[in-house]
């Protein structure tokens, strides 16, 4: 097929490259000239603007957005709207909030345009191993894009599927990330408990290697954690500072809206908040309060 | 009544003083000569050793232990054993683990000695306001000590009681402290959420003052938190480092043994652990793992 | 002063009654005729509609809203808007989300109308004991209402105050409720751990009574819990089903927005969700999963 | 090699069978005659008692224990002690608490006997796929058992290793299970959040299938969860009742002893407690307390 990739950052460039290698014809736009140049070297026809990209594509156009969620996605969706014609389809492959997706899909539907949300997992490994894709949108529209998904996926019939109507792809990806937070935290806590048992002198990289084969906790995240522990067993030079990128908190929001208890996912997120606050007011107040009632000593800063 | 106070630290000295003021005759032992001297100034007859203390008391002897839980309590209990005679009673007013208490009470019962466990709450304020006391032990033995409890309590018939057999007093006090952890953490989180809402410029001391009267969350801990916020609104100079003294984790142990879910008490304890670890291995591994799968930047130390 | 009370349910009727007793002249509207009748018996002049109420009040009008948060508050605010004149003030004393309050205050400000948010705590006990009030809004507008707040509060100068600009009153009350959730859960867990220690045969009502005086965990919520345990020690006939009314989850939302870790408040909310789900899909899947990898028996429904 | 398997239940019988298939000579004891008979059919020489088993093995003897942790392991270890001779080795392949293991290893060392702890993961799938084994004990003793481990493992050099001194194998397996609890809970919460989003009508089995290939959350537990969801999408007939088998709570104990915060592992355990309590006293008290302060309706049983 032929499609236009909007956004040639790490994820977009990799996906475009995988599509080209799979025999698709790909044009690409990115506001950054270097990104366009790098993409061109990988067989992607560069376009200097969204207008140019829209013009370069044959009808019905297919555009894949791989841009940051939020305002930039909104801007792109709005800019593209008048450049497109009935029957064209836009796929949002980024990490958009599914509520934004619902709104955008409705907007596009009102103009006879297809709008598909594709939650994309696989990170930097997707170029080589393929991407896991959870897709939402009109069934017929999604079906028409099958060749694209089959190429991006790890295997023709594996790791992708239309899970439901507009929004459901991003919703499913959101929950995927919530689960990811919980799994990561479980491993981190476990390795920490091993690490602190100093009298056993455990080699965490070795433990990870053992677990990777045959154990109940084997997983791809464990493969990566083991790799990280092999390269840097004591995590030297790495700050205990963990970023979150939005989908974890949306998962918690969703749990709250649905009255679903999700303590592990929620706590995993909050531990990340805690990691970024090395001057916790709550803990200072607690220390102060212990002094108030018990006369306990306060550690000074 | 007449009794011997073993341990004249902050808590023991205050309790002895309150007993003297209440008309009781109190002797006291502490290995620290300064502590004995200070107690003497408050009307407590000092004894230079446990032997001397035992000799100074009329039969049947009553001894109140106010010493650190664990080894020191064990040493004291074992040293006293041969110094006592049938009918004497020892009260452990400290924060002993109730399992240790059960063991000690059994030992003493085997020698015809009374052993009473008294969980004591009230902290440094107890001298003036009285102590809340949860008492375990033989009913008749506890009843014989009534005048002591009536004096130490905030009021003759309030704030104290025999709650059950040996161990039950310390067990009840242990759970009391577990609840205390949960309450403290709830306030700390709440004030932290207020503090971080910078656009409202809230005066946390003022908020505490408002809540203290008429609100659902009014409590003694809130009175103290408000006082702390009045003296040091930004908690300047206080490290975000929160100590725990044992009873919180015993409460969690008890919950685990009984298969009772106690997430709030448990999390309150673990937040204290977290406050004391400013170089979390778990968080470093998480940051490293995010880099592994997503190529996300790692914050360097 | 003279004011109109909108909403004569449990809270509104009680507050109107306390104001009348405090010497204020109060008119009141409620769509329910019985509520109006009951209010009339307490000295409140009934109005059959918002129009009638607005007409009955002298300029500048003061109206106190005590209606359910959300749509009903919006409807009331919108209905009142054309009935009011420059200089009039509406106080929202209910549990509105502070973001709604910000929106409504801006709307009213655009029409030269005062809009004050008053987070009100005290529940059914407020009639007798007074209400704790956290107030947001323009300083001059709030000051003009001082006689009302002084009457509603537990004491003239206690338990109330303007904490900041529009929205800050409801924000502070929201966090108050979050703390309340955490405290309640801490007590519930603690009493549950005591209850399950069957060999001690503890009398939970007695324990509550002891703690109420002199202990570190004394509080008004403990007073009430003790009262409940006295009336129904085994909680006979009460379903383990705990409702939440919105402010807890808004507190969690606020924590998420501010990147503040608030594990105890959050878990307290989620435990309530869990209490209302007696057919947990998550737990069924867990049981099923244990069978998958370990061949462990599944409990059948 | 030649070895004796003690315990021919599900795990022991499978391991013995895998060893026989791998060319080892295996005798086996189980108190249950049917279990012995079934083992015999798989090429295992049955022994009717521990004495008979000890006699049947050539010196130096190697015995693998696959019996329930706790008293039965202690009984077996104690019964075997006088039947063994210097140079013999016992391997505890079960889920013993590492503290018990330390005690038993010391006992055996005092008699010149080898004692090796092998944390074994893989469940019912191990027969076919091999077992992941974390091994603690004297390096030379473990090395001598290499042929056994190479056969039981998924591959000669993968999925097993000596991680440290006596006790460290069981310790590592314990933490492995703690992580397992956290991962399982993360998946369960995620699928529950998907399930409750009814308007999307998601097919959870399909979602699992998509995630299994290429996604960040792919794992063996996800494979199994997906299989379970395929067989029983709505978990019909399965009670929301989740058992725990000891290692989760020992992991929490270890975290408490080491002052390590492990909220996700701990909460995962407590959610299991909660799942087994369909008449929560804590929740009844909460409901009652809401009624006390706010007059909120109580749901009756």
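In this document, chain identifiers A, B, C and D correspond to the written order of the chains, with residue numbering beginning at 1 in each.
In the analysis below, contacts are C-beta pairs under 8 Å (C-beta built on N, C-alpha and C of every residue); 3 or more make two chains touch, one makes a residue touch a chain.
Quantities reported herein were computed from a predicted structural model and do not represent experimental measurements.
Among the chains, which one keeps its Cα centre farthest from the Cα centre of subunit B?
A
I want to confirm something about subunit A and subunit B. Since they are copies of the same sequence, is their interface symmetric in residue numbering (over half shared, so same) or not (under half, so different)?
same
Let me have the rounded angstrom distance from the C-alpha centre of subunit B over to the C-alpha centre of subunit C, please.
Roughly 33 Å, centre to centre.
I'd like the Å distance between the centres of subunit A and subunit B, where a centre is the mean of that chain's Cα atoms.
48
If you average the CA atoms of subunit B and of subunit D, how many Å lie between those two points?
So the centroids are 39 Å from each other.
Send over the residues of subunit B in touch with two or more other chains.
123, 185, 187, 189, 192, 196, 216, 220-221, 255, 259-263, 267, 271, 274, 282, 293
For the complex, give me every residue of subunit D touching subunit C.
Those in contact with subunit C are residues 10, 123-125, 184-185, 187-189, 191-192, 195-196, 220-221, 224-225, 227-229, 232, 235, 237-243, 245, 263, 267, 271-272, 274-275, 278-296, 298-301.
Using the touch rule from the top, collect the residues of subunit D that touch subunit A in their complex.
Residue list for subunit D touching subunit A: 121-123, 126, 129-134, 136, 153-155, 158-161, 163-165, 167-168, 171-172, 175-183, 185-187, 189-190, 192-194, 196-197, 200-203, 206-207, 209-222, 251, 254-255, 258-265, 267-268, 271.
Could you please specify the touching residues of subunit D with respect to subunit B in the complex?
216, 249, 252-253, 255-256, 259-263, 266-267, 269-271, 273-274, 276-277, 282, 293
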